[in-house]
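Paired with subunit B in one complex and with subunit C in the other, subunit A is shared by the two complexes that follow.
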Partner chain A sequence: MADLGYAAIITAFIISAYCAVAAFVAARARINELWLSARNAVFVTFGLTSLASAALVYSFFTRDFSIAYVAEYSSSDLPASYTLAGWWAGQAGSMLFMAWILSLLSVIVVVQGQRQNREMTPFVSAVLMGILAYFLGIIAFASNPLEKMPLALSEGMGLNPLLRTSDMFSHPTTLLLGFSIFTVPFAFAMAALISGRLDDWWIHSARRWTLIAWIFLSLGNLFGMVWAYTVLGWGGYWGWDPVENAAFMPWLAATAFLHSVMIQERRGMLKLWNMVLVIITYTLCLFGTLLTRSGMLSSVHAFAMGAVGPLLLALTGLVLVGSLVLLWMRLPRLRSEHRLDSLVSREASFLANNLVLLGAAFAVFWGTVFPILSDAVRGVKVGVGPPFYEQTMAPMFLALIVLMGICPLIGWRKASPENLARNFVYPLAVAMPLALTLYLVGVRPLYAVLAFSALGFVAGAILLEFWRGVRARHRGHGDSYPVALPRLVWHNRRRYGGHIVHIGVILLAMGIAASHMFSTSVEKTVAPGESIEVRDYTVTFRELKESAGSDSLRVTAMLDVSRGGNDAGTLEASKRFEGNDQQPVTDVGLRSTPQEDLYVILSGWTDDGKAILKVAVNPLVMWIWIGGGVMVVGTLIALWPDGRRGRRLPVLERVPVGGLEVGRA
Partner chain B sequence: MTDRHEKSVPQTEFPKSRSGILSHKRFLVVGLIVLSALVYLGFVAFRGAAMYYLTVDELQARGDAAYEEQVRLTGMVAEGSAEKDSETNTLRFALAGEDGTSLPVVYSGAVPDAFKQGSDVVVEGSLKLTGTFEADTLLVKCPSKYEAETNSEAAGKRD
Partner chain C sequence: MRRWMLLSATVLILVLAAWPSTTAAGDPPSVHEIASGLMCQCGCGMTVATCQESMPCTTSDAMVGEIQRQISEGKSKQEILDSFVAVYGEQVLALPRKSGFSLAAWVTPFLVLSAGAVLISALVWFWAKRGAAKPEVAAAEASSEEFRSYEERVDQDLALLE
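Moving on, here comes the complex of A and B:
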């Protein structure tokens, strides 16, 4: 099976390389037969990568420990579900997983291309298959998951116990999907540059694909946060680890693109800028793939060395330089159709949002790669820890949140005083008293007051928008209020989907700000019967319990919880030791309420039965997960296909010709 | 679909700004102000948070300059050196450098799961005049997704 799978990888590599060339030549010279052949090659490549993946999965389930990768990531007693996870648990397998997704995406693009953008699809396929061929080349010659060892092992090494959680299915898969899907908008952008057809055709497809990729990337990051918070027991959901940063940077750039693309759709501006954002986003995705595999940075995640790092670095460089050269050649065709009229306009506020988002991405980038840079330049490694990120991100995200309240409501082109008054008086009327109240009841630091009143302002602005829409439907269509709301959202999916995403962001930001600024924790060694008090919680340690499984040992601290004197149930915080090397895994004891989380880690115990417990109260954490969910739902609503094929109407033109063009320089 | 609501945000027509150049300059100025604010922010935060990433050998090579300076140190937990005092919840171990050097480290706080004798760890803290490195953060290179060390382990097991 392994040989068959490897043959499939090699063949897929050759065919995808052929396909990239054939599709390009066919598109350039307009040879239809050649395109048909290239199109078939796309389907064949998908079949072959599926076959290779199936061979890998089959080898896992048949416990074929003659394959090095299978032996490294599974063992005969590994449950079936985690055996499947072996596919993406390691570096070689995850590359195959990405290649398989990429080939599936190529099929979708080609099938869709039969209906829309017919002449452009060959260009898009050429780019996609070119990148896929590169990946398959790496898999075939530098990191083959189906590689056999001279001697079969009698037993595999098993999957690291830390990876044996349900998060192993949600987090890596969504993240890898997100990274892979960003290849598609990039391919559309490159197709536009290569073909020279730089009108709006690519931007619609690029926007939709970016939204899809953005959902997966958001989910990937969120699932990673849940994992770190509940299982890994690191005491938090985010640690500014280089690998976390690797997934966060493209998310920031993609978010910038999703906003500025609207300006191009509505106003024909920022064409060059949007190209740049697509390129940056994809380069950051490749860079992230590289970071997790190259061993360039010291991180809590350990990395594989080997030839894969340099090969991915070469691809990242190739993509960046190649796309910038293409961009340079097409510069004259990327002129804006209009110019910015006023600083007080939606366009300007979107530009500000872009500036801050990219500033944030750059700060993260700078912090992440600085150790490498300083090592190269001065020979010493200098780096920054979480304080750097916290100090830069907090003000930037505060600015972003305020902009989030302003952007969707301010008028296009040049906002009138009436427009400003209409949309912002009520939200300000919410925010000002809120700020004052927070200050007077003694909320400190001032940052917190600022953050929460900014969130109040945005929430007010969005709710006002919903209220106006509902009222208009009620009056115009005679809908009753409860019916008007879903109809309103459904008939303006993009607009209200966007608002719902913003509501999600507010909830998320609320949770992050509160849990970051107001969590309290106590670490203490307690004997049975003793308790730890944090805020109004009293956690009483009853006893330590040991339970042994077939291959595992679990030590659990049994706890009684009371809150403000009232009984609030029991809680268990445990450590389990699993697998060959008895690696401990901490299972956090978590009591989650909308108001706050009681979070207990069993960090150790003494021989005489005392437990070392870390008890923390983290306010509003649940809202981070709820907010994340709302964001995803909002994005899905905005993304839902529009039966009417209705395009956004361009903003009415009253601008004299010959205006200054912004977005060119 | 002409929703009434769509019209509720009027696209106000306003007199054109006087000159294109003027508005261009204005954007440039505002953009530059925002940009310099961002750069300043980054600079200040960076200066406050920057620290050396060193190995045990590099730290010891720094001589007297090494004391009382916040650094991030990487090394290996020397075999058999780690002992945990559960009463005070402190962990003591020796961090081994490359050529036989080692440095006593003391850390109090939650110990990551992957911590064990022989594992590669990252500590942040400072070297005290007593010669002990007081760590306030302890990270273990977690054998997660794309691990490197299994190769050597696997090689060992294959024998």
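Moving on, here comes the complex of A and C:
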């Protein structure tokens, strides 16, 4: 089966490379037969990558320890549920997983291309299949997950205990999906540059695909946060690890694109800028893939260093330089149809939003690569840890929150003083009293007051948008208020979906700000019967309990919790040893409410039965997860296809040109 | 332009420098406080504090032991951090120093952001000035945009879609 799978990889590499060239030639020379052949090659490539993936999964389930990758990431006693996760648990398998997703995306693009952008689909396919061929080349010749060992092992090494969790199915898969899907908007942008058709056709498809990728990347990051917080016991949900940063940078750049693309759609401006943003986003995705696989930086997520690093570095360089050269060649045709009229306009506020988002992405990038830079310049590898990011990002995130409130309040082109007064008065009426109240009730430090009143300002701005829309529907259509709200959202999905995403961001930011600024923790060694008090919680250590599984040992601290003198149940915080691994896995004790989380980590224990416990009270953490969910729901609403709008778009007329059937508006 | 850039950069650096740290100066050092300022040298990429809480290794165990020993000797936070730098080099610090080459880690993001802000402001100002030279077009467009009420805009959107 492994031989068949490897043959499929090699064949897929050859066919995808052929497809990239054939699709490009067919598009340039307008040879319909060649395009049909290339289109079929897309389907064949998907079939072959599916076959290779099936061979790998089959090898995992049949415990074929003659395959090095299977032996490294599974063992006979690994539960079936985690066996599948072995596919993406390591470097070679995750590369195959990404290649499989990319081949599936290519099929979707080709199928969609039969209905829209017919004449451009060959260009898009050429880019997609070119990138896929490169990945398949790496898999075939540098990182083969189906590589056999000279002698089969009698037993595998098993999956890392840290990865034996249900989060292994949500966090890495959504992140890899997000990274892979960003290839599609990049392919549309490159197709526009290569073909020279630089009108808005590519923007609509790129925006839609970017939103889909953005959802997956958001989910991937959120699932990672949940994993870190509830399972790994990082003491937080975000550790500013280089690989976490790698997933965050393209998210920031894509967010900037999703905002600036509105200006191009609405006013025909920022054409060059949008191209640049798509290129930056995809380059950052490749950079993230490179960081994880190159061994350049120390990270809990990093795979072993190998030949893949230089190959991915070459691809990143190739993509960046190639796309910038194309951009340079098409520069004269990327002129905006209009110019910005005023600094006080929605366009300018969106530009400010873009600036801060990219500034934040640069700050993260700079912090991530600074150790390498410092090593190259001074020969000293400087440490850049979480406190650096927290201090540099805090003012930028605050600026982003404020801009999020300001942008929708300012009119297009040039806002008049009347416009500003009318739209700012209500949000300010929310923010100012909130700031005063927070100050008077003793909230400190002052930047906490600033952050929460900024969130109040944004909430006021969004509520104002909803209220005015609902009132307009009530007056114009006679809808009752409860009916007007869902109809308003449903009939303006893109606009109000965006506002719902912003509500999610407010909730998420509220949770992050509160848990970061007002978290309280105590670390103490306690004997049975002794208590730790944090705020109004009392956590009493009852006993240490040892429980042995077939191949694991768990040490659990049994805890009684009371709050304000009232019984609040029990908690368990434990350390788990899996197999022969001497490094324990932490399972935190967590009592979560909308108001706050009681969070207990068993840091260690002594020979005489004492437990070393870290007890923390983290306010409003639950709102981070709720906010993330609201963001995803809002994005889905904004993304939901609008049939009526689709019917109003100009219908492409099928006209055979030079043998290639193309559409003409 | 240069003066603006300098002014913006100075303001941002001052804001950054004034950004309050999580611990008040003068507090006696705790193990967690110091462990949060040191990177674990096992290769996990986490601070010693985080490594200890999640998946402790022998390296972070040894580092915590050393922190405890030095605290018991009455050493200050800075003295303890310096002692680790003497052993492992600057890479052990979770925060780059705000001096020498490492200052670039702190300043560069804000300089880039300031430069971007100045550039965008200058471009918008230039475009707006050039647009003002064609008042007959701009004024007509602007007036129609400016004085259209928000309710009308929403109504138009809804009417278009229904």
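The rule is short, and it goes like this: the second predicted complex is superposed on the first by the 639 of 665 C-alpha atoms of A that agree within 3 Å, B and C clash if a C-alpha of one lies under 4 Å from a C-alpha of the other, contacts with A are read in each partner's own complex, and residues count from 1 in each chain.
We adopt the following convention: contacts are C-beta pairs under 8 Å (C-beta built on N, C-alpha and C of every residue); 3 or more make two chains touch, one makes a residue touch a chain.
Keep in mind the model is a prediction, meaning the values are calculated, not measured.
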Fit-or-clash call for subunit B and subunit C when the two complexes are aligned on subunit A: clash
Touched partner set for A:445, first subunit B, second subunit C, both or neither: second
Subunit B versus subunit C as contact partner of A:363, first or second or both or neither: both
First (subunit B), second (subunit C), both or neither touched by A:605: first
First (subunit B), second (subunit C), both or neither touched by A:157: first
First (subunit B), second (subunit C), both or neither touched by A:614: both
Partner chain(s) touched by A:242 [first = subunit B, second = subunit C, both, neither]: second
Partner chain in contact with A:586 - subunit B first, subunit C second, else both or neither: both
Contacts of A:292 with subunit B and subunit C, given as first, second, both or neither: first
Partner chain(s) touched by A:414 [first = subunit B, second = subunit C, both, neither]: both
Residues of subunit A contacting subunit B in one complex and subunit C in the other: 162, 232-235, 298-300, 302, 339-343, 348, 351-352, 355-356, 359, 362-363, 366-367, 370-371, 380-385, 387-388, 391-392, 395-396, 411-416, 418-419, 423, 468-469, 472-473, 475-476, 488, 491-492, 523, 583-586, 601, 603-604, 614, 644
Contacting residues of subunit B [partner subunit A, same complex]: 1, 3-6, 8-14, 16-17, 20-21, 23-24, 26-27, 30-31, 34-35, 38, 41-42, 44-46, 48-54, 72, 74, 84, 86-89, 109-114, 116, 120, 122, 124, 137, 139-151, 153-154, 157-158
Contact footprint of subunit C on subunit A as seen in their complex: 162, 232-236, 239, 241-242, 297-300, 302, 339-343, 348, 351-352, 355-356, 358-359, 362-363, 366-367, 370-371, 374, 377-378, 380-388, 391-392, 394-396, 411-416, 418-419, 422-423, 445, 447, 468-469, 471-473, 475-477, 488, 491-492, 495, 521, 523, 583-586, 601, 603-604, 614, 642, 644-645
Residue numbers on subunit A that touch subunit B, as the complex places them: 68, 71-72, 89-91, 94, 149, 151, 153, 157, 160, 162-163, 172, 232-235, 292-293, 295, 298-305, 339-343, 348, 351-352, 355-356, 359, 362-363, 366-367, 370-371, 380-385, 387-388, 391-392, 395-396, 409, 411-416, 418-419, 423, 468-469, 472-473, 475-476, 488, 491-492, 523, 525, 575, 581, 583-586, 601, 603-607, 610, 612, 614, 644, 646, 651-652, 654-656, 659-660, 662
Complex contact set, residues of subunit C against subunit A: 15-16, 19-21, 31-32, 36-37, 39, 43-47, 49-50, 52-57, 89-97, 101-102, 104-106, 108-110, 112-113, 116-117, 120-121, 123-125, 127-128, 130-131, 138, 141-142, 145-147, 150-151, 154-155, 157-159, 161-162
